[in-house]
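Chains here go by letter, A, B, C, D, E and F, matching the order in which they are written, and residues are numbered from 1 within each.
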């Protein structure tokens, strides 16, 4: 279904890591790096796999735009529940790849239909925290 | 955050239902109507709320494009698990609002990162069923 | 908080099983016994624990009325997802202990607020199946 | 199944909100209002939908007693996991609509059968917090 | 399937509690006792059931080695999500019954395949906390 | 924490696939291959990632014995819910890597403590199906 001509070119563990780190930095910014750093003394391999596999193998694929990946991701993290740290990273990521604050808030409102009010509320309060930290909350006062 | 000038115009239960039915038909097609019909003899009020609230109040809001709503929805339904009937409706819906088969397959591949392989597999097999029924599976053989 | 004077009287594994079987039969009827029977050749101990612990130790406690236990149970099974076989047993149980069809349908409508539409729908269709089998679906046609 | 004669009378977005706010205040007390207030600068529409839809459309329906709705709700929130803020609101709500502390504790004990010990424990510790704040924990010392 | 000759010998509520407390102390150490103590003023019966049933009836069964039970338990708690307090108890328990820090870290890496990265990360950070408290984190610096 | 000397040797996408296919075949047998085959016309990349990443990168790591990985996996799949197809594959896998039928049944009994009875029952009935297909159910009749 998907043309894998480009991605089937072989690449080593190290190349995947480098590709992944580039993608991670572009998408998650400092938040992603912080997660990897905090894994260094407990599970460097998990840190490696987040970078080399999740970002270096999956995120870099051209089949879905970065903003679209974050929309899917926001939906998943809201539905899973108990993933507030990851929601914080990915609401930042969503902003980094071009989703607007209004689109994010609307996506979380939309989640109430499928996940129910509690999970929609939990996710929305993480958005409030992230927007506040980025100075994006005050603008809409009026 | 969101300008609700348009949507704060009062509308009655009946108006919400009519608005919702229009949206439901445009997005879910026959699949949505079938769900509502099958609720008629057990919980017509649930059918009403799916139409009048989910579609008539939330889906119709202009803050998020229909295709973006389906990306979020695919993420949520994959993550929740056990929602195969709804995934079937919404993979159809995703196609109806303009997502390509490749984008849908890629979104479900992406879900493996956040939900794990089992849920990604379950969702992908629903996509296979839907694409098959719509004659969209044979094209990518080569 | 709870006066356990009565229940702290010691009782053996066998006594718990007998007490539990009585409660199971009264509440779940044939559905419960069928589950226990189907465990006989794979995990008789799981069957024993369902009877002796779940029913013999927890269900028999006087602190919550049988119908109230089923309301909590319907909420939990709807929220967990993927528990359709148990929902079928417990919608039957709910009817057995005095909840009306309308109360059950309303409880599942209520679940849409907290669990979202997909899980509310899945549970409601199990209610439709159970009510149909018990001849409780035709009455409300008008 | 459900006689909707009363509720099918059309009502506008504003009327639903007013009806909902009345129900929210009666059931959740200050806790509910606090949630709505904290949404004002991030997603006023989500706040509106909690009030106007969840409370104004669903909670106000006469088909299930307020205490019964809270029993179902406690079951759902315990099962979902990760919904501690909502459990806190709804254990308060359960007390407000007439459930006793013993019934709430027993419902959460009952949840161990269906959700397992970890979720039963998490919910019970929220009950301990709420009962403590309302001075309902000291009475049962003896 | 399982030979229950040994365990079908009747035992009373008190005997189960004593057996369970012995097992709980051996496996969970101080962490388990702390949970039971904190239940004393809210739900002593839940504390009793954790001890008498979970440990006194299930854990003591000879069919699965204590370290194997903790491997299954780590998998479940990681997958459930929102069970960080229990993960903390059971990562301690896993160490107590002989799993090495490397095996625990590897089990949580393995969980990424089935539960996705967010839950694997959440569990791994609990392991970091527990290992740190037990002075097991510094050793692997080199 | 983990000595990655061996696994940090770079390996290409193709090498990971070959390593993974070997592991997949050894562990899952025909069941694993069947899943990969059924992905060929919908998401060959998901099939590739299951093989090359899950098996070729994670399963092959020496830090956790194959039987231990299946114990963790059985715990996760039971807890997730709605993963019956994967449970079927992995109960077969558990037998393939040396877990006995009694250990598997006991692990699923143990899961009742953490996941509740419904999920323990669902998983146990999958074990019954698998054991039956492999002629492992009749032996324990007496």
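For this structure, a couple of remarks:
Keep this in mind: a contact is a pair of C-beta atoms (placed from the backbone, for glycine too) under 8 Å apart; a residue touches a chain by one contact, two chains touch by 3 or more.
All of these numbers come straight from a predicted model, not from anything done at the bench.
Under the touch definition stated at the top, chain D and chain F share these contacting partners: A, B, C, E.
One rotation lays the C-alpha atoms of chain A on chain E, and its angle is 120 degrees to the nearest 5.
Among the remaining chains, A is positioned farthest from chain C, on the basis of C-alpha centroids. At the chain C-chain F interface, residue numbers used by both copies make up under half of all numbers present, so the two copies contact each other through mostly different positions. Seen from the Cα centre of chain D, the chain whose own Cα centre is farthest off is F.
The geometric centre of chain B is 40 Å away from that of chain E, both derived from CA atoms.
With centres defined as mean CA coordinates, chain D is found 31 Å away from chain A. Per-chain CA centroids place chain C at a distance of 22 Å from chain D. In chain A, the residues that reach two or more other chains under the touch definition are 1-2, 41-43, 45, 49, 53-54, 58, 61, 76-77, 80-82, 86, 105, 109, 112-119, 140. Across the interface of their complex, chain E is touched by residues 35, 38-39, 41-43, 45-46, 49-50, 54, 76-77, 80-83, 85-86 of chain A. Those residues of chain F that touch chain C in the shared complex are 81-82, 105, 108-109, 112, 116-122, 124-125, 127-128, 131, 137, 140-141.
Of all the residues in chain D, the ones that touch chain F in their complex are 112-119. Listed in rising order, the residues of chain E touching chain F in the complex are 1-2, 53-54, 58-59, 61, 63-64, 68-69, 71-80, 86, 101-103, 105-107, 109-115, 140. Per the touch definition, chain E reaches chain C in the complex via residues 1-2, 4, 7-15, 41-45, 48-49, 53, 57-58, 61.
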